[in-house]
């Protein structure tokens, strides 16, 4: 076991964990102040739901220590069996299997979280929870197996997933499995839930742009774990991935705001944050296969194309509220395909050469095949799951709740209360807390009845 | 001169503004207020403790109008702000002695 | 010296450092907007006070490189003597002693910070500073010695603390030394300072729920350093601790909001954040002694029990404002005791087996003894220290200050000024900054006199 | 290659990356709510601009793998040539060159960002972007070479910079190259742009103090990468730097608020945050050359001196809005000079002894020479660059834009929209989003024309 | 019809509301305002620079009442809002010509 | 008694306050409002989608004055708030029947 590699993978797992709250703020700042909590919750809850499912069967479906059919890994490792005290990875760079399990969990957590941006301001919380549980089970766990399970990594006799091992498309850190996957599902749900009231003419503008930037910054920071951590060792390849990630993100940031300057007349903070994310998305599959100059081009293309792609929804009429399609689906496709041009075995001996490095067209077709397969599988799957949930328990809040605010309706909370800031206690909303219930009763939470009594006094 | 004051549901403002514009009234002043009345507030819960929020967010629209337009303005606002559900608000009119446009010092009708 | 282990411990120390600001936001978002700065300051200041005391004598009282009586480690290492250029830990996994010193400092910083939640909205700042200084000296440094100082770790002839070495209760990362310790002290201070005006009927609701979630997220992130870092090496045990921490936190998050759904009718953001913290607290002592399935149960129990325990204060009538008792004391006890059931030497050869793994009742009694000893020592100590401070310099702000806001009264600041956001300069509160004082005067800060002149003009 | 060291340097690079957003919030919270986005953008954009320039020629100008003249490193490594697959550093502690490239990039990013605090509330965005590009090229890249390029580190035949190799002044992590450099440039720009309208009598107070503390906390956290990462290995020296950083920061935090208590009557949150930053700044050059007790003194001095130094601008009449001079220039000088007193070879065999450790006066003069050289070069350079930009494209927004808010004028955004929080949709500012443009048109962003139509309806 | 306007200390609102309810007045509109008067503001200090905050947070309560209830309503509000310390605020009454309930179009007393 | 209401540009408040003080008027109540009129709002752009913000931030200043001071107070405020550019605002005066100081119960002129 290599302690340096283990330290890096554990640190990376922690970094990727932070991305989900980062995403929550990135998204949460963009919605209105009466639905920000719902947005935060849709993200944060994936840590809970996927965290538990991963232990029960998620890891096992995604990564097999023996056998397998290329589509899904099976239940050998359910309840994290065979992971305590074992090693994963090549000799010399081996790490505890549990470090790998945790690193991969964080990918499974953030992918469904990404979807939530497509259905802001109108989603029933428990329906979303159910969707996450079913979608990761039926879509994400298999797709992660396709893309991330290299045969032999977690066990000498494992077969691994078809994209990584048979098709041999390159996806270093999840351009297909994470971003195309989430983007396609986001499109499906935007269609299932339908447009927000008043869209596109009358929707709120972002209520907290600094929080958008905070979220983008935490995402960027955590993304180093995501991309450079995907080397699963602290060495050359991780350093390459760190570098390409940085360069592409910087370039995409500039690309996006330059588009804004020409199109809208001003560069915006939201644009800078969005451009950075677009760059991070696009470099994700490519970061361990391209050199820094390749990353520069990928970043510029991603920044420009995604900035333009956010206009698609107005043209096509779907309310992908926070541009999951424009940023993650489009950015993921851009990055996955550009590998076909810019890949170079100079940075990664396990990689290959794209069109511009003398590698011919073959890698590009493989990239397209992988992108198409994940896109199609995820879109159809999400459409079906979403449709069934919508027909049965309902996926969208009532029209009244949408006007009054999802936070109040779904969570009985409001995000902010600033009015008391410089004065005596704000009594506009002065709380009437529950009177202590009678001491004879057994331990129980404050009963609503007691409260209403209290408030009447 | 009269001052028309309307307490309305926030999302009706666009319609109220449009209705006033149709009468040629192109100025107004709006503020955020909270109302208490027949319409119930809502309840929030933090760690099991309930908080009763009695007040409901409303907008207050103030418009200076000439005396003879007042009645029509009231009708227009009432119509535009009506949803038919409890909490639609109130409109009232008060007399005004002097009106001045700060920029020019014009008074009365010219100040509007 | 092992660079991989050192990298992990340094990274962990940084992660644990971030937990104190994280806690500041977790707590700060829950109070009213006129006392948020005071809450932030009560947390942030512990970095300053304990940071300096640790250097002077804190580390020395907690960790002894030679001799010792099991109760307190002495002054051999005062001023961080014997720590520069020396190593700590077992051969092969040895790290620079200073890395260990810094890692442990961050625990000493956050423990008193945790207490502050019990006395929100009403505390005199300097009294709090004094309390922190005395409490860490008299309570925390000895207790850290009891629990964290394993004989032989920082020096071949050291004796170490009685809980770790004689009693042999298990506490991997501080369920007793940190959470029970802080929770008991919080209860004591809540009693000393008394209830807020209007409690329980009329207190403000949380003024910034997104900041609560931000704080919880930073805490979760940093907690990986806290728990997995406590392995003091980047290997199997750290990976186990990382895994159990994640699983328990996910489960507790779900447990808490399920309680809310049944009890209150809605799952809340504050509940999700609180549940995650409850899970993190409960798994803290257990994370290196239980397997993932054990962690799942501990997490569920912690989420459910702590959610219910927050009602205790209304029943018993003490104003533990932000539920330090309900979350940290109760959560710490839950985790410390459940080790007695779920411990398994399968994950840690230095550990043992609990009741459910064939280990009999003995471990459970040891756990209870450790929990009881720390609880009692801390509660009584905090009560005495708090009482004396209250009687002498006063611990609570005046009633007027409580109504007008502690921020204004104690810090001459207000947290937010949003009113100018979309308009010209807000002149409601337009500042009248000091006129430059006369050039003949020596370098001096803007004098109040000059200012008042200014403001009169 | 050493995986443990590599893990630490990569983690440190990520930590230092986070400092720039941290700085954005530290600064952003201090300005008014109508110019916070502009402040965030001035910081965030440096990640984009410097990220790309570093790839193109910045790294190459700063670090040479062969030859050199001591002033600037040349263009051998342009486009990151010779960095993929090569190693840097001494045998046994060698790391991939790209890890070093990325670590150093983050220093080049944050240094110009630091400058922005001097010109808050009044800066044209694109002028700032141009300034950053020119200033890093002409000032930062050479100065980084002077201070950070040790001969032989990135290539056996490299000559390195004159301060590090000829003068042999000590600057462990950038007291001169980063803080004095940025502080001097900040002073120059404050002079070039001139005072804000109404300064010093009528300027806004900080609009979001919690965000100031958030930023300070992220800075502190990231600073462990900055300082301890500058050891470029996970071992004793990194542990020393981590310790001295912590101690000095804690002491400066206390020093600053004690000054406030005596001078202003209250300790403030802004003061605590500022004190911590002052301590971090001052210990930056010293952290690998002094022992913990030395760090304590440096911290106290920095906290007290910087707290007093923020009054300078009122006395001298320059509007350094957020005290870049008072904190970074003064703090940087304090730390750089105090090395001359407190340096001890006991913590670093590559270091030396200052006056108090028997080393005589020589080191102090070297420190003063280095500080003076960087200060003078940066100040004059920034003055010239700023002056030219001001004369040509203009560096300052119009008086109207300054009153209405730079955010609106420069970015067509406002930071916050809270009014809808507890009610139905806020229609005060109800957005009139673009109607979907006609499907026959090619892909294009929502046209302004369409929008205005929409808003007229 | 009369409009009673009261500027009061924020934490007295509950008592003011209760006092009005005792008179059968079950509606009101509240807004956040800042007052300047005999009561002093406070001083804030940021990095040694003092900021004088002249204004004090108050609430403005507006209640439409019938003419003959006005006097009693004034008394009730004054009593409920009084703490006896500087800054307790003002109450004033102005005449109102027209009052309409938006939901129904009812006028006058029926509109309340 | 009269109530003077002024809608002014936010940054003129200091001058308005000073002008009133010169007339011996030492009390006022201020609130944040948003105005619509000849002065145009501004446009914001988020990811290429434009948002038209029609309303402009203003302050509303309310001052109770004795009848015979009203005219001078109006002049003073108009002068102090004037910048000569569109959007300077309006000042109007309405009659007041009763004024009470909450703290003391004093009425009329004594209440100011």
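Chains: A, B, C, D, E and F, in written order; residue numbering restarts at 1 for each.
Simple rule for what comes next: contacts are C-beta pairs under 8 Å (C-beta built on N, C-alpha and C of every residue); 3 or more make two chains touch, one makes a residue touch a chain.
These numbers were taken from a predicted model, which means no experiment stands behind them.
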{"item": "Duplicate of the B-C contact set - from D-F, D-E or C-E, the pair where over half of the pairs recur", "value": "D-E"}
{"item": "Which of D-E and C-E has more C-beta pairs touching across its chains", "value": "C-E"}
{"item": "Separation of mean Cα positions, subunit F and subunit E [Å, integer]", "value": "18"}
{"item": "Whole-Å gap separating subunit A and subunit B, where each centre is the average of the chain's CA atoms", "value": "44"}
{"item": "Centroid distance [mean C-alpha coordinates] between subunit D and subunit B, Å", "value": "50"}
{"item": "Two or more partner chains touched - positions in subunit A", "value": "2-5, 7-8, 11, 200, 202, 205-206, 208, 214, 263-266, 268, 270, 310-311, 314, 403-404, 408, 412-416, 418-420, 422-434, 445-446, 448"}
{"item": "Where subunit E touches two or more other chains at once, by residue number", "value": "11, 14, 30-32, 34, 44-46, 48-51, 53-55, 58, 94-95"}
{"item": "Partner subunit A, residues of subunit B touching it in the complex", "value": "11, 14, 34, 42-46, 48-55"}
{"item": "Subunit D partner contacts - residues on subunit C that touch it in the complex", "value": "1-8, 10-11, 13-14, 17-18, 21, 24-25, 28, 36-37, 40-41, 44-45, 47-52, 55, 79-80, 84-85, 95-99, 101-102, 105, 125-126, 208, 211, 214, 410-426, 429-437, 439, 443-446, 448, 454, 457"}
{"item": "Residues of subunit B touching subunit F in the complex", "value": "1, 3, 17, 26-31, 64, 94-103, 105, 111"}
{"item": "Of subunit B, residues touching subunit E in the complex", "value": "2, 6-8, 31-38, 54-55, 58, 60, 70-71, 74, 77-78, 81-95"}
{"item": "Residues of subunit A that touch subunit B when the two form their complex", "value": "202, 403-404, 408, 412-414, 428-429, 431-434, 445-446, 448, 451-452, 455"}
